[in-house]
Every structure is written in structure tokens, then in C-alpha cells.
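What follows is subunit A paired twice: with subunit B in the first complex and subunit C in the second.
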Partner chain A sequence: MASVLIVDDASFMRMMIKDILTKNDFEIAGEASNGQEAVDMYNELKPDLVTMDITMPEKDGVVALKEIQSNYPDAKIIMCSAMGQQSMVIDAIQAGAKDFIVKPFQADRVMDAINKVLG
Partner chain B sequence: MSSTPQMEAHHINAITSAATTIVKQHLGIEAAVSKPFVSGKQFMSSDISVVMGVNGTLEGQIICTMKRETACSIVGSMMGGLEINELDEMGWSAVQEFGNWVAGKAASELSNVKETIDISPPVINEGQSTFRMEKTFLTFPLGSDIGEIYIHVSVTPAKS
Partner chain C sequence: MSQEYLEVFIDESQEHLQTLNDNLMQLEKEPEDISIVGEIFRSAHTLKGMGATMGFEDLAHLTHSMENVLDLIRNEQLEVTSHVMDAVFESVDDLEEMILDISKGGDGKRDVGEAVKKLEVLQNGEEAEASSETAASVEEKPEPSASSQISESFDEYERTVLVQSVEQGYQPYIIEITLDENTMLKAARVYMVFEVLEDIGDIIKSTPSADDLEDEKFDSSFAVTVISTAEADELEQRIMKVSEITSVTIEEVNVDQASEAEKDNKKEDKKEGNESGADSSSQKKEKPAKQDNNNDKKESAGKKGSELNKTIRVNIDRLDVLMNLFEELVIDRGRLEQISNDLNNSELNETVERMSRISGDLQEIILNMRMMPVDQVFNRFPRMVRSLSKELGKQVSLDITGAETELDRTIIDEIGDPLVHLLRNSIDHGIEEPEEREAAGKPAQGTVLLRAYHSGNNVFIEIEDDGAGINKDKIIQKSLDNGVVTEEDLEKMTDQQIYGLLFASGFSTAEEITDISGRGVGLDVVRSTFESLGGTVTVDSEYGQGSLFSVQLPLTLSIIDVMLVEVGSEKYAVPLTAIVETAIVNKNEVYSAHNQKVIDFRGKVVPLVFLNDIFDVPAKNENENDFYSLVIVSKGDKIAGLVVDSLIGQHDIVLKSLGNYLSNVFAISGATILGDGQVALILDSNALIK
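And then the complex of A and B:
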């Protein structure tokens, strides 16, 4: 069972993603509400996959992605962006993000991205 | 000679279209914008307001206000069709996320008319309040099966 670290500052979005993942038999490694927590929790938990929001307080998702990728080049990270954040998504993909999903998203799209990255 | 920037129809249309699309396509709620009116430099909100600041090639404010029951219905739809009667911490987070969705869609629609904007994270105001601003607000009633959402817009080209 693959483990996933969910990173989003909005508790509602964390709940939505957690719901989709648990219904599809994934293990929730942990939940982080900002980029720094994501980096710290990645170091501690070494999850199989991370879903990473972009706009967050303290440290945004793109900076957190770059830190995690520099320590763990094989890290599998999927970015969760709002519409209208194309430039940040491109930056994240160039920095090693494996895919991105755009909010508001459908469960199918989330699972397609996760299965493709883990496949 | 006055150089005060004026609101432009294609910017306003992009914003109201964004809100309508989110409500119709992503929440599955039938909705349509009815005749807009000028609220002037101040207006009284409904029970709950989602306040967003616009920065970039355009600047101003977008404020969506609605009755508490309408907000509960929106949250219920966002949670996959649950019946919500009270907004708890998760519910308020969902209202804020609704603002994020509208803001993101508005930024996307405005990029189609060559405007580049950032929208500040939504602030939620609880309770009927008077909002005042130096510039004029236009108000667009978005009628739906779950009640009216009023979209108050004051967005003009940024001063260079």
C-alpha cells in the first residue's frame, strides 16, 4: 500500500484529498499545512508520494518541492495548483514535480495522476 | 482632465463568468447572472462575505456575499452532496476554498484577455457588514437554486 504525504494549508482540501486516497486504499503518511512542515515531514516519513499545494504561508509549495528534490532526487511530488498559476506550475515541473492537478479537481483526475506517477 | 481608471466590461465579464462557471460546473448548481446594478462606494453585505484583493495589471476588490444557508449549501456541494446546517472549522475552510476557486478561475479567464493578476487569499467576513471603498462597486446577482450570491466587483486597470 503506497503512502502519501498530503500538503495543503486548507484543512478542507486536505480532507478532500485524504478522502479520495483512503477510498482507493492508499495509506496517509501524514498531513502538512505549509512548505516547511512538508520538508520536515518528508525527511521523517519518506512517503512514496507527496501531493503539494503551491500557495501556502511560511514556505510555498514550489520552494518546498525544490528542497525535497535536492535532498531526495527520486522523490515523487504532484503539485496541486489553482487555475491561473501556470508560471508556477512550469517552474515546479522544471524543478522535478512529476505532474500537476488543478483545483477544483475531480477524484478521477487525482487518481489518474497518482497512478501514473507511481506506475 | 480626470485620469481615474474606469471599470471595463470585458474584465467584469471575465470575473462574473468565473463565478458562474464554478457554481454551475464544479458545484453542479444551476445559476445565472441577472441584471447588474451600481452599488456605489459602499454596500451592505449579506451574512457571509468572501473578500478578495486583486493585484497586477488590474487592481481592486471582488467580494462575494451570500446568506448563511446559501454558504451551507455551497459547502455541502463541495463535500459531495452532504447536508450542512452549521459551518464548523472545516466548513469555513471550504467557504475560503470556494473563494480560491472563483479567484483562480477569474485569474485564468482574465489571462485570456491579456491581463495578469494575482488574487490575495480570500478573507471571510461573518455577519452583515457595510463595505466601503474609494471606488465604485458594481453588483452582479448570481441567482441559483440555493439562493442568491451577490458578486460585488470594483476592478480597474492598475495605475502605471
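And then the complex of A and C:
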């Protein structure tokens, strides 16, 4: 049972992902609502996987990704993006994101991405 | 979609709408401050994501268009003009309507065509032609990749590279990759494939070209030519690891064949080939890379984001139940205190005292839980005033003070609409047109002050404008015409009471009826709403100088701290928050001034209010002594001394309403049950201070 850290500034979105994950027997390591929290919580929890929103207050997802990757090059991070953020997604992948999912989320798409990254 | 999601969705959407409104107002004030735009953008963006997830397409569509415009502003390609702001504000209004509809159980559908069009006009502005061009080219482009067969032709340079790579032990492959048809952000997906391939080989060529892939100018499949030492199987597996890939077809390239096929063209191509080959090789290496660096700006804007507290959302009904249960407990506590006093058992006393202390803390928490700053209501007013003054062609500035003043949630929920009405009233009827103002020697811009503050057990909300004021004669004329009052009544009325006629039903003094306020159903509805909340509304005015509408609201406080006093054989409770101090004065220190008994108290003239006269309390047949017991109460900066027979002490009591039949008793705001089962009336000291 892999543990997942969910990062999104909208609790609505976190709830959505959490639901999908728990239905598929994942353990929720924690939830962070901005990039800084994500970095702190990653250091503390070392989850198997992170779902990282891109647009967030304090620190955006790409910056948080870079920080986490610099400390933990093996971190598995999936970016959550909305349409129209192509360049940021590419930026994130360049920086080491393993995959990305696009809002609106579809459960099977989310699971597909997660299984591929963990598999 | 489950109800649970919907609630969170609505709550968060409303928060984001508020952020949008606040920041847009801010932006209008400081159009140069681009960092605010980042904030606005983020809210719109989050709304878009949430809306799309919940399937509210119109909402997502509109926010998307907003985002495009905001992006231009952020990148300083579009100036923040009042025209732009109007369009954005209008879209926010649409969004509000949609969220409101959704919260009422609707499907959030709304015709956003017009708003979207306005935004698109802004967005396209100068680049209208350019974008239509790209749109056209996008539609043409998919064709080359439409054929599913892998066919790739190489120019001479490419062939040379292929031949050389074979000599060095690499195997060239042509890989056709098909993306899931639902794939969004195709370019990013392609990028991921490229990255995988570059990991184990080198990309020689792609069809469509890297640039077109980057611009998403392809349908769902594309072909890449790769040289690698890996087996085809491994390549396939690696590529399939990338999400949203439906199929991968790999073919080994037979270099000889490729050369054969191209041989005929060789000669003609030769010169050109070398040049263009060099060109295209540099292109090929280019990945669909990032397009703009402006995203970095987001970070700095992000720092302004508000700190997030950890909260849970609780249905207000539960808090109501908790409150009711606690009220019952407080009554029993009073009773218990009484009993333990009577029994005088030290252990019992100790326990009861402890219990009282804990329940006191508990009470504070419960009450605070229900309190919210009036800002919740006030924060939407600046927007409203802005659009209203534009509509009416008046210049109005709204000053809000005391937005942090707290009120019970249930009251907060109710006062929004009537306050809107009063504000509209002030702007519509109060503030004059700019020319008229200047003619009267006032600044062209009118000012409306919105104030909230605590006083006693009440919160006052005042709306003051520096407009035309109320024409008393007109009111008198009108109310006589409408039969609201008789001339006889009028003679006895003070100015304030006459102004108060504004709140009588069927009253509208505006010469022409606008749709802003004054449809004749206005102010009496406002009054009754406030009264149903246990509040009152009064108006004062100076003709030509402006008017002041003052709303008095109870703090809620169904449990309040009071001073119990005795008048005759009856007990009354005076809310502690209204009390300045208690005092005992000698009867010979009482003077008469203007038919009113007053005392000189700490250098101030304080009028006395004899409660036994006001409430017709039969006097106790006790020996009159030479002293008056006084409770000095205040309302704002006015004070008065309530004359009582004796002061009993401080108690926590539960405020109970007097019920529907006794809703309008002068100077009594409710009743309570004391520990010994007696009923005490709660004084509304504000009504006693003139």
C-alpha cells in the first residue's frame, strides 16, 4: 500500500483526489495546501508519491517540485495541471516530474498515471 | 456528484469570488500593481479547475476566457483600463450568479456568450488577425499525420546520419506513437515521449516537426525516427510507461532501402540538402520547450496569499443545537448554584464553583464559534457601490470602518440585503449628481461612510452620506397625502420621528422611480427585517448636509452577563456591557433641569431614569431612605442613570424572547429564568437613553 501526499490549494481538489486514492487502497500520507507545506511535509513524511498542483499560493508546484527533487532525486511526483499550463508542465517534467494529470480529473486517468509511476 | 463535494465546491468558490472581487477593486485603485493580477489569475484559475471538475461547463468556459485576459494583463500586453475592468467585473457577476444558482440546487448553467465575447474582444484586441490566422492553420495542419501508415522520407543529411549510426552499431527505428484522443496538453505528453527516447537513443527526425508538435499542430499520432542500441521491445515498453499513450508501433529502418528510394533525388537535393540538413538538425534537437518565462512572476505574487488556517466546516444547524442545549445547561447551573448556596455544603460548593467556571469557558467558546466579523457582509459593498455609482453617473467613495466588529452568524446572514438597500438608498437619493454637488459647494465626489461598532449589548451599523439630506416638508406632505399620519400626529412628532416615516410602508420620496431603490416597497421592508432580528433602524438628517441611517442590532448573545437589580418587588437584568458603573447618590444631589431630574456625576450632567415610573412598578411599602441606587449605563457617548431600589449582583442569564405577542414592549429586550425559578425582565438600556 503506497502512501501519497496530496498537494493542492483547493481543499475541494484534495478531497477529489483523496477519494479516488482511498477507493483504490492508497494510503494518504498527508495533504498540503501550498508549495512550502508540500516541501516541509515531504521532508517529514517521505511519501511514495506526491500529487502536486501547479498553481498555488506561497510557492507554486514547480518550485516545490524542484526543491523536493534537489533533496530527494528519487521523489515520485505527479503534477496536477489545468489546461493552458503546457509550458509549466514541461518545465516540471524537465525538473523531474514523473507524469502529469490534467483537470478535470478522471479517476481512471489519475490511477493510470499513479500506477505507471509506481510500477 | 455527491452533496459533500458540492458543499465544499460552493464554499470554496464563494471564497474565490470574494478574492476576485477584493483584488479587482484593489487593481482598479492601483492599475500598475501587476502582482495583484497574479492573485486574481490564480483565483480564476482555481475556479476554472473546480468548475470543470464538477462539470459546470459555462463556469469553466467563462473563467477560462477571464484567464486569457488576465494573462495578457499580467504580461503587460494589455493595459488595465476601466473598460477592461468593467468586462472582468461583469464576468465575475456572471460567475456569482452561477455559483448562487448552483448553491440553490441549480445546474449552474448560464448564457456566458456575451461576457465571453467581451473578454475575447479584449484578448484579441491588436492580435485579432494573428490569432485567426493561427486558428486557420491549426485546422489545416492535422492532415499530414492523419495517415496511419508509417512513411518517412529522409533527406540526404538524415540518410547519412542513419548510415553512420548503423556503422557505429546503432539501430534506427521509426516509431509511430498515438496519444489517447482525450489527451490534454498534448505537447507536454510529446515532450515526455521525447525525454524517454533521448534517454536511450537519439532522435533524428520527427513528423510533424518538433515545432509543430510543440504547437500541438497534430491530431493524435506522430512519428519519430530514433537511433538506439536498445531493442524495439524495450523502446516500446519505455514509451508505454508514459501515460495517455494508446499505441506504439515500431519499425526498424532499413537504411539501404531508404537510401535506394531516395537515390533518384540525390543529385538534385545534394546542394540544398546539406544546407537545409544542418538547419533541420538543430531544429530536431529542440524539444517542445517552454514558451514563456512569465510564469516565474507567479511566485512573487503568490507570497501575498493569505495564510491558511486549519479549519473544519460545521453546519450552522449543529451550532444552533449546541447553543440551545447549552442554554438549558446554564439555567440548571443557576439553579444548582442557588441550591448549593442554600445547603452550604463545602464539597458541593467547590464542585459547583468548578462546574460554573468550566461552563463559563465553554460558553465563551460556543458564542465565539458563532461570531463572525461583519466584514463578511461588508466586503461585497465596495463592488456594489462602484457599479451603482457608474450606473447613476455619480461619484461616490465608500469608507468602511469597523468591519472587524463581530456579530452572530445568524444575524450576519440576514442583514446583507437590508444594508444593501440602505446603501443604495443613500447613493440613489442621498448623493447628488456631481454638477449639483459642485453648485452646492461640495466636492464632486460624494462620500458614504459605513460604520460598525459595539455598544452595550448591541452592534450599531451606520450609513452616513454627505448628500442632499432629507427634505422634511416633502416627507410631511407625502405622508399626509398617503395617509400615513394625520396632521394631529405630526404636531407631536420630533424631527427624527418625521424622518422615521420614511420607513412606513408605501413611502417613496424620489421624484422619479429608479430601479435602484424606491419602488415604494423599500424601506419598510428594511425596517421589518431589522426588527425581526431584534434590531431597530433610525434616521437622522440635516437638509442639504446629508443623512445618517443607524441600525441597532443585538449581539445575539442568547447568554449574556447582566447586573440584576430590584425595582419594587420585581427583578430586572441590565446587560453588563451597557453598564459604566453603579453608584449611590444622596437625594439632595438631584437637580431638575428642563423638566428632567439630573445629577452632577464626576463633572458630567447625567439624566436620571426612574425605572419604577417607566415600568409602573408598585412601590414597596418600605421606609424611604435618603439615597438613590443608580446603574449608570451608556449608549455611545451618551449616559444615563437608572434609578433602582437595590443592586443584587452579577449573573449569567439566558436571554429568552418574550414571544410574538409581546414583541414591542418598550425598553425590554427579553426575559430570563433565574436560578430560583423567578422570571426577570431584561432591560434594553439603549431605549432609555435619549
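Definition applied: the second predicted complex is superposed on the first by the 119 of 119 C-alpha atoms of A that agree within 3 Å, B and C clash if a C-alpha of one lies under 4 Å from a C-alpha of the other, contacts with A are read in each partner's own complex, and residues count from 1 in each chain.
The rule is short, and it goes like this: a contact is a pair of C-beta atoms (placed from the backbone, for glycine too) under 8 Å apart; a residue touches a chain by one contact, two chains touch by 3 or more.
Small disclaimer: the values here were computed from a predicted structure and weren't measured.
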(request) Would you mind checking whether subunit B and subunit C clash or fit side by side on subunit A after the superposition? (result) clash
(request) Applying the touch criterion given at the start, work out whether A:D40 contacts subunit B, subunit C, both or neither, answering first, second, both or neither. (result) neither
(request) Have a look at where A:T55 lands relative to subunit B and subunit C in the superposition and call it first, second, both or neither. (result) both
(message) Just to be sure I read the superposition right, which of the two partners does A:M15 touch: subunit B = first, subunit C = second, or both, or neither?
(response) both
(request) Check the residue A:D112 against both partner chains and state whether it touches subunit B (first), subunit C (second), both, or neither. (result) second
(request) Name the contact category of A:M83: first (subunit B only), second (subunit C only), both, or neither. (result) both
(message) Quick check for you: in the superposed arrangement, does A:P104 touch first (subunit B), second (subunit C), both or neither?
(response) both
(request) Please work out whether A:E67 is in contact with subunit B alone, subunit C alone, both, or neither, and reply first, second, both or neither. (result) neither
(request) Check subunit A for residues that touch subunit B in one structure and subunit C in the other, and list them. (result) 10-13, 15, 55, 82-86, 102-104
(request) Going by the contact rule at the top, pick out the subunit C residues touching subunit A in the complex. (result) 4-5, 8-9, 12, 42, 45-46, 48-50, 52-55, 64, 67, 182, 184-185, 187-188, 191-192, 195, 241-244, 287-292, 295, 298-299, 302-306, 308
(request) Would you pull the subunit A residues touching subunit B in the complex into a rising list? (result) 10-13, 15, 55, 82-86, 102-104
(request) Give every residue of subunit A touching subunit C within the complex, in rising order. (result) 9-13, 15-16, 33-35, 55-60, 62-63, 81-91, 93-94, 99-105, 109, 112-113, 116, 119
(message) Can you tell me which positions in subunit B touch subunit A when the two form their complex?
(response) 22, 26, 78, 89-90, 93-94, 96-97, 100-101, 103-108, 110-111, 117, 121
